[in-house]
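Listed below are the structures to be examined.
Here come two complexes built around chain A, the first alongside chain B, the second alongside chain C.
Moving on, here comes the complex of A and B:
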């Protein structure tokens, strides 16, 4: 058991190292100079004042140091939990900016990932080998998975937001409100949350449903199913065993899909102007905010790695074969 | 195994229930919003009844200024402080009305030049800071002296200001080493005064980079709250102008919404969730013409007041753009009308050859313009090229450099600025018709800023200088010397002409009320400008302002019965009359 997790942790550690390094490199190789564009925004007319400000900010952000030193400082600061100062939202610390955005992103991601996985699997299993459901669900599922997140999001925003006017199409909560612990505010929050959530849910749902349906059919045709049915076991029992076997690849699938889902959430946030991490990434790129971009990516990388690790653990718990395998090794 | 799975399902089910009931709880509130006839995104009176902080009928919703969450309330950071920091909270000594060219004493009561190099400022009595302390001459002296720190945006003031002193209660005397009257007239209305008793002792870093969380100003509003997508101000009691000038701001709350996209701004405006949108909304002319409750300053083209000039800036250090004849040929090849009508749908106005905004018309020497001006004329452009010796030697339809090498030029505008991208296509098309090989390119904004600063471009579009009290600002932008390695804000085309720069400095030395003297110098400058064309004026961008009468009325417009101050919350525009617009608003039914 220890060896299994030890190996996993080592792999995750390496991934983290590489991801952080790439993460640090990419913004620095983008064209343009963030201080320059910050000064251009400042629109100060006097060249002398501009020069003084440039020198000031370049040293403030540590951009005047040699690259390797910047890299070293980056790691040192990282372990202190300091992600630097945002250029776009100067002088707010990047950590603050991210912390404000994270609840929105998590509130979208966690329910949509878990619910779509659960509901998709259930539904796919249910639909398999039921002719009329198969004929309706399958095509819908295909259409849904093939739909790009933002396209579905735009359709929903247009249909339910603009035309029907039921849901708001932007923001985290109404502009007339301030955050407080009232039902009204929570309701408003939920109303703004609903459309981005649904667009994520639907796309993922289609994929899981199709996957599960195919797996179940495969399992129902497996020898053990035929054997069970020849023993006179009920259809229900057979299906239950088939489901258990079929769900394993789906868990692996979840681990693989996690990155895609996160990316989808980011795009969806942009469509709905939802104030989460995706929104931040877009702004950070547009404003060439190195530090914010690094910070958000870092957060996402860590998030995806942690989620994968959790799935690894879940896999061990769910699949008895892995457990005996590990147990055998440990013994 | 089974138990474990049940737990998982239970958890997920709990999630669903939670989602379900929060979803359900919104249903009762939906009908209460319905009377406003708006979608749920619109802030509405119904939602405000119980818990909401901003009752709709007391709140002014604005947008179009902030491109990111409010990050600081530092009035010295005029470029990225929260909307209204300067104007609603911190105030300036004067206001300036560009429409009538008049200075209105604001925190000052009067300002006079007692001799050529001494300026005396009498301050208004009875003005208090939001914390109750009186506003005094010391605050003004302190604010001006902040400029002695090298990184403060107005540090250069001290190149020509010798000293500033509070001579008696309420009087400040400025002694100049060189009197730049025009720049000074600009300084007194464009810089906010900060309270000495709070700012004293702050280091240079704190002054320049400080967040200044609890802004204490003299203005009509004070900090209420902010979030990632909004900035909210609340009216404070005891604003001096109510007693002194009988002016009062009616909206109790001003909520400025951070720009997300045109669609969102447009949607909010149509749902009556936004009272003043200073966003550029393409196609807004249709909404004004139709019955959508959206108004602009003029009911007909150009719909908006003019705010700045969009220039085509050629790099005068590059062949063949270093040749004035070639630049003139380009100027004559551009179909500005097509840009105004086709790209902007008449939301902007074609610029005159001098590029001076309509508000500065009196400084334009029409005689010089009719003699040396240019207009769209492809034939003339071709003739200019031929006369100057540019030939199409290889028969590809485009002229070459005089040494026979290819002259293929690029015009750059930032990617994503769709209106400019379209405009640059029109420009390129016109140039090609005249035999100039010009193609548009759309680099990322930051990359463009880089190329622009270091002079690594052929042609670009730029509109950075805004309307102000003096055309000197525009001439400073066109002609400033010396040329540095990096040209960050002015003279991107690196045009060097000592003679005209001397004239520009002459203009700076004219007193603000010496209109005749200004005109004379301006005329000489225009003569050189139109001969050399260091920049090619194209169109006047509008002061984008879409207003809705749903909650607040009496918005500024060309209608004689309404105020004339600019309807805007843009940065640096509140002191151009934006704050006066707020004092003129009337609540609907009130």
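Moving on, here comes the complex of A and C:
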């Protein structure tokens, strides 16, 4: 067991190392000069002042050092939780910008992932034993999973937002409001949250439902199900076993899909101008704010890795086969 | 008589029509009797075994009746058949290796299975039976994956017979085992019968020599019909049906498996059951065939307990 998690941790550690390195590299070798864009924005006309500012910014961002030193400093700063200073929102630290955006992304991701997984599994298992449901809803499920996140988001924004006018289509809350803990503000937050959430939920839901439906049919035809039926066990017991066993691959599926789901959330945020990490990425690109871009990516990578690790642990807890395999005590 | 099967007809629904896998089979199994079922691949042994406990979705009861302990078995009605399963008719499946839910501890699975049949576990009796088949008692706390193949096989044998059924069906349960394990399994089955865990048994295998070791009676089937049925020693020493004779004479050494092998001694192959020919189904391959064989030979009791379906018998 300890060896298993040791190995897992090593893999995650290596992934992290590679991710950080790539992360550090990309903006540095990307076209576009961030200092130049800062200066352009500052709109200073005196050449001497421009030079002074350039020197100031360059040393502030550490761009005048040799590459390897920049790399080392990057790691050192990383462990201090220092991801640099945002150019877009100068002089706010990148960490602060990210921390402000994270609640929005999590508020979209966590409910949409967990609810779609739960509801999709329930529904898929349910559909598997009703022929008419299977025949009508399954195609809808296929259409849903095949829909790119962006499309569905745009469709919903157009249909329920612009045409029907029920939901706002952009922002995390109305511009006229100041964040506070009043019911009015929370309600406003919820209203803005709804459409991005639903579009994420629906796409993921279709995928889980189809996966579950196929898995459960497979499990109901497995030998242990046949044996139980031959011994006259109740349908309920057989379904319960089948459901439990069919959920296991869905947990692995969750780990595999996590990256896709996060990417979907980022795109959806962009469509709805929702002030989460996806929105930050867009702003960072538009403003050539590579510290922010770097920081956001890094944050996402770490988040996905942590979530994967949690899923690994859950899987080991629920599937005895992995546990015995890990312990090496199988006869 | 424990089991009585009369003119049983079971068909498979296929796109090309009905495959008449059992086409009028009648026989009986007495109290305490072990009936060995033999015959070439495709003759309908599995179909017969499944018909008696649980038909799959493509099987259809086309006719005939089955009674167990004097009461009719509603084999064509899945719902009405359910109360009989496990309690009156049970089976040891061919797939013992994968018959147990991999994600449940064995003891818990047994408890849940019995509970769903309205029974509770008699722990003392269960442990006695585990001892009998030489399984450790703590096996109930383990997952199936933690058992060796032979242990799974014995565990399934214990589970299947836990409610002391009148009839036990064992279909090819030894095919995947090595010779010494095969013999141990066969001995255990006999022991189960002797101790009254099961009243009578239908033991299906390709291996006539193994059947001969444990069966009281052997029934040979051919192309969905009964060819010959007689006490085991009679089938082996004085078979009357030409097919049985060829089967016995082509018998390999005891214990040698010929599951996949066509019977070398008998040229030709059995007729297709989608549209079986008129008359004796063995006619194409029978060296003794004559005019009369264009008619169906009815099974005749040539000696007490010895039934043969052949005009030359």
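The rule we apply is simple: the second predicted complex is superposed on the first by the 325 of 331 C-alpha atoms of A that agree within 3 Å, B and C clash if a C-alpha of one lies under 4 Å from a C-alpha of the other, contacts with A are read in each partner's own complex, and residues count from 1 in each chain.
Keep in mind that, in the parts below, contacts are C-beta pairs under 8 Å (C-beta built on N, C-alpha and C of every residue); 3 or more make two chains touch, one makes a residue touch a chain.
Everything numeric in this text was worked out from a predicted model, so none of it was measured.
Superposition of the two structures on chain A leaves chain B and chain C fitting side by side, clash-free. With both structures placed on the common chain, the touch criterion links A:91 to chain B but leaves chain C unconnected.
With both complexes superposed, B is the one of chain B and chain C in contact with more chain A residues. When the two complexes are overlaid on their common chain A, residue A:224 makes contact with chain C while staying clear of chain B. When both complexes are overlaid on chain A, the residue A:201 reaches neither chain B nor chain C.
Using the contact criterion defined above for the overlaid structures, shared-chain residue A:24 touches neither chain B nor chain C, since it reaches no partner. Looking at the shared chain after the overlay, A:291 reaches neither chain B nor chain C. Angle at chain A (Cα centre) between the Cα centres of chain B and chain C in the superposed arrangement: 160°, in steps of 10. Aligning both complexes on chain A leaves chain B and chain C separated at their closest CA atoms by 9 Å.
Put simply, chain A uses residues 244, 320 to touch chain B in one complex and chain C in the other. Partner chain A is touched in their complex by these residues of chain C: 53-54, 82-87, 90-91, 93, 95, 98-105, 112-113, 116-117, 143, 145-148, 151, 156, 159-160. Interface residues of chain A, counted against chain C in their complex, comprise 222-224, 226-234, 236-237, 241, 244-245, 248, 319-321, 324, 329-331.
Here chain B touches chain A in the complex through residues 1, 4-5, 8-9, 11-12, 15-16, 19, 22-23, 25-26, 29, 38-41, 43-44, 47-48, 50-56, 59, 61, 68-69, 71-72, 77, 79-80, 150-156, 159, 208-211, 225, 227-230, 232, 255, 257, 260-261, 263-264, 267-268, 273, 443-447, 449-450, 453, 464, 476-477, 480, 484, 486-490, going by the rule given at the top. Taken in their complex, chain A has these residues touching chain B: 30-34, 36-37, 39-54, 56, 60, 86, 88-92, 97, 100-101, 111, 114-115, 118, 161-162, 165-172, 174-180, 182-191, 194, 197, 244, 273, 275, 283, 286-288, 317-318, 320.
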